[in-house]
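There are two complexes below, and they share chain A, which is joined by chain B in the first and by chain C in the second.
Right, the complex of A and B next:
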């Protein structure tokens, strides 16, 4: 089970949109995952494998266990799929 | 419960080709529409602006598209979406996605309906033809129709 966070400032606006896009990409990748939306400060205090967020928050996330991945365009399926697949590939080689 | 965009977009919460002086003006217009239809208290508008000053332009989540929002406890009364198209694009300082000419004001109450409405909005703006049609719309009625039925 891969633990995934979708992070934005409020934890309930843009991150919810990001979550719905990420779920599609993760489903397509066929991995077993659990995804939560959260704000940046909450993301730092919890254990996770992968964190996806916008450029504004990437620098604010100091999670000890997760790798952080930036999504520039939350509506671009190709970018999200490519970023998710890169992130998953990074997990495999750990 | 099935929530679609039509149920959260109020016909009076639409402004087309608004002449925004800057990003804050555009954001305040989108927020004020939510106040006018009773979906948010007045302080919600300031909370949105404060959030962008604090966190940066994270509400600009796709090229040309901003979805300003604040926390429900900052004066959110209901689930609602407003739509403001801009006569002239404005810069938010978002290096990847500036300039912005489509602004979707969002207010939530942290409910299941909120999640479904946001999912529906995400789906809608992930279709490039939907986004282009909204940019081209010349009346609030046209925007309402596009948001509910697509191009």
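Right, the complex of A and C next:
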């Protein structure tokens, strides 16, 4: 089971949408996962495997266990799928 | 009788209502049983967390209220949507939850049958607007049965009308990307767009300006709220004087006490945020999933930060300019008999930042500065006037922040003050407006003047006939 965070400024609006799109990509990839939405400061304090966020927050997230992945356009499903697959590939080699 | 009583108690318990809403959504999407159970439990727990956060927050707000009123003789109010919605749940929880659930449904119906095919996915704003409408109609004396349906028709209509009104400007911001803004700060974005269009110069973009990196810590809303509250509490602790504060603080040093209370305020906001997040984490994706099934060609209307990447510097400039507008308006409030609206960081950042982006898209730097300044004035004066229509909640030390809560609350409040049946009239007008606007203003449709697919076919038919 991998733990995934979708992160935005308040953890209310944008990240919820990001979550539902990430879910689709993760389902397609066929992995066992648990996904949560959060804001940047909360993302720092909890352990996770993968964190997806926008470019603005990427440098604010200093999570010890997780790798951080930037999604430029939250409405672009192709970009989200590609980023998710890349992130999952990175996990396997660890 | 026992069964009926049980049913009544279930349906009048807001936490259970929102849980049912999430459960229906998850079942509709055929989620696995364990997801339905965990999603429903998380939603109910989230709602209960909101109440807990509101308790922490009131504990910190009350002393500030005392300091402001003892110091200046005015009511001190910090517009923070999360806080006021937390407070509203005590008396209007089940009405809010019912309006929210029905409003999602009405949004789907309107997006399906009118030409305004927007699906409003900013769940927390639907929650806030539902609470506002429940409080205003309820405080005017309407019973639950009188307020839920007209309230939901109003909120559901606004969910397609607001993205539509912003659309001509949103198109300029995103340069044609298929994105709509679904955020109840629309009045600010339209005002900033117009200010930019008529007063600005789009050639001189904000994005050519260098903004100090240090300002980016304001992007963390917890930190910016905390910093602003430390300043506000300290200023009013000094104005009220140590004597007044010591009555509140007991043996503790007055300034240490004010410092801790200011951070307790930030802590309360954060707890409420966690609750709202849990409440919406299942409901919004379910709503999105349902809308994709029923209206595949609808355009999702998203939270305002979706436009921030198009002009990140305009966001910072907009925030600063909006805050300045709020501070300029501050000394004007008392003399005209209004409560003191202290700058709430969350609305100034998100609405002000958004106004900066819209102002910049149509009028460059000058557009961003003027647009966000106007927005800062709006989100200071509108909440001050709104307090009159919020009943007991109008006496609280917090209120609704973003501009659409202000203007819509004033319109609704002044109507239902005359008669609660006017809520139905307003609801009918708004529903009619969704049809009329979609029909007669093609630029406000998701795909703009070119029209949607149906229109293209009609045009093609017309061409063939010709």
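Here is the rule we go by: the second predicted complex is superposed on the first by the 94 of 94 C-alpha atoms of A that agree within 3 Å, B and C clash if a C-alpha of one lies under 4 Å from a C-alpha of the other, contacts with A are read in each partner's own complex, and residues count from 1 in each chain.
The rule is short, and it goes like this: contacts are C-beta pairs under 8 Å (C-beta built on N, C-alpha and C of every residue); 3 or more make two chains touch, one makes a residue touch a chain.
Everything numeric here is computed off the predicted structure, so don't read it as measured data.
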Identify whether chain B and chain C fit side by side or clash on chain A in the overlaid structures.
clash
Give the label of whichever partner, chain B or chain C, reaches more residues of chain A.
C
Classify the contacts of A:41 with the two partner chains as first (chain B alone), second (chain C alone), both, or neither.
second
Quick check on the superposed pair: does A:89 touch chain B, chain C, both, or neither? Answer first, second, both or neither.
neither
Under the stated touch criterion, which partner chain does A:77 make contact with: chain B (first), chain C (second), both, or neither?
first
Clash-bearing segment of chain C relative to chain B, given 4-12, 58-66 or 112-120
112-120
On chain A, the residue positions that both chain B and chain C contact, one per complex:
8-10, 12-14, 16-17, 20, 54-57, 72-75
Quick check on the complex: what are the chain A residues that touch chain B?
8-10, 12-14, 16-18, 20-21, 54-57, 72-77
Please output the residues of chain A touching chain C within their complex, sorted ascending.
8-14, 16-17, 19-20, 23, 36-42, 54-57, 60, 72-75
Within the complex, chain A is touched by chain B residues 51, 54-59, 61-63, 65, 67, 69-72, 95-97, 106, 108, 110, 114-115, 118-119, 121-123, 125-126, 131
Residue ranges of chain C touching chain A (in the complex, touch as defined)
121-125, 177-179, 183, 216, 219-223, 273-274, 276-277, 280-281, 284-285, 288-289, 300, 302-306, 308-309, 312, 346, 350
